[in-house]
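Per-chain numbering from 1; labels A, B and C assigned in written order.
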Amino acid sequence: MPSRYADNRFMWQQTLIQLKARPRGFHLITRDIEAALPELSEYQTGLLHLLLQHTSASLSLNENADPAVRRDFERFFNRLTPWHSEYEHADEGPDDLPAHFKASLLGCQLSLPIQNGRLALGTWQGIYLGEHREQGGSRRILATLHGI
Amino acid sequence: MPSRYADNRFMWQQTLIQLKARPRGFHLITRDIEAALPELSEYQTGLLHLLLQHTSASLSLNENADPAVRRDFERFFNRLTPWHSEYEHADEGPDDLPAHFKASLLGCQLSLPIQNGRLALGTWQGIYLGEHREQGGSRRILATLHGI
Amino acid sequence: MPSRYADNRFMWQQTLIQLKARPRGFHLITRDIEAALPELSEYQTGLLHLLLQHTSASLSLNENADPAVRRDFERFFNRLTPWHSEYEHADEGPDDLPAHFKASLLGCQLSLPIQNGRLALGTWQGIYLGEHREQGGSRRILATLHGI
């Protein structure tokens, strides 16, 4: 259950969203977020803040149409963060440290505007979950909404 | 026209800012943002959220003094995101996929503090628009202000 | 002194946090932030926004347990941003331009949820200060809290 507070027209709300486990790669999760937050429709003007509570996955905004873009993201970010013999933190598998690097390069929190009861993203923008582990499991996002 | 709401001292506002077309590269747009939001002066304490509603351009904060830094940004990010034969999404030109990568590396949304009616950036901080396409055209930023 | 305003249950606050000088590298500063903001405990639901007011250091979220991860971050980001002869902005030392690149790759602002009087980070998440200069000196963070 979300915790909610409203006084006159000002509202705050927090909801924990539990995402299903996904394979390594980039995944479009805009609809999962919207479906978990039916209260979005009550906000005329506001902001939605999302914190992914993990250090080996990421949240970002990018192209929502061609799935090939998300596959190219996986290829590009793998190239950008190769394993290197000089690294120290090596005991959690070869995907672990690159996953941490990707999480910081891409970020794990986003603020998104709400307008007339809907997320006001650009036409081609969608929310990407970057799953950077082989077996990342279910991921948690803490959503905070506030507005009028 | 911005949509505005105020109740006692709490205020919310949204304004769509249409930026003029700029050539590929990094551009300082702090003054464009401030000029589009004269209502900033009414906020004693608050936050300005900016969402660039595109997937092939970026918003970030960096050095506002020497224009050579912005040219070096263009060189660095071009090096960091070269075209590679393994990529799939290849039909929108050689600047397209690298533009998407840059948008996610740099980000396309920012929250900035407002203090005593002005953006409270550091002395050397300015807002960069990264235009990552050859012909990106006019770009839209949805600005959300809230505070007291 | 923080500037504060509360009306019924809605609160806003801004506090300038002055961090001690740290050597080049990545540093966990979650406790410094919490210690500087005792008022966090008064917020049931809210957001903390942090702006690092500099262009050669960064703020990000990552793994809070093994210090080796932070040393590997330093190695990885040094590799990712090597000096190159084509760069123009060369008069502030070989660590200067790479520091600007790192600041934009990692970012210098974060919004973090507050729940029941505490930062609601994931179990393994901590706030990283990336000090990217050899002699960066003391760094300033403007903290903005708001919520109920």
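Convention: a contact is a pair of C-beta atoms (placed from the backbone, for glycine too) under 8 Å apart; a residue touches a chain by one contact, two chains touch by 3 or more.
In this text the structure is predicted, and so the values were computed from the model without any measurement.
Asks: What's the call on chain A versus chain C, same or different interface residues, using the half cut on shared numbers?
Replies: Here the answer is different, because the shared fraction of interface numbers falls below one half.
Asks: Please report how far chain B has to rotate so that its Cα atoms sit on those of chain C, a copy of the same sequence, as a value between 0 and 180° in steps of 5.
Replies: 120
Asks: Return the distance between the CA-based centres of chain A and chain C, expressed in whole Å.
Replies: Between these chains, centre-to-centre, one finds 20 Å.
Asks: Two-or-more-chain contact residues of chain C, please, as numbers and ranges.
Replies: 10, 80, 105, 107, 111, in rising order.
Asks: Residues of chain B touching chain C in their complex?
Replies: Residues 8-10, 44-47, 60-63, 66, 68-69, 71-73, 75-76, 79-80, 105-107, 110-113, 115, 120-125, 128, 147-148.
Asks: Using the touch definition up top, name the residues of chain C that touch chain B in the complex.
Replies: Against chain B, chain C makes touches at 3, 5, 7, 10, 12-14, 49, 51-55, 80-81, 84, 86-89, 97, 100-101, 103-105, 107-109, 111, 140, 142, 144, 146.
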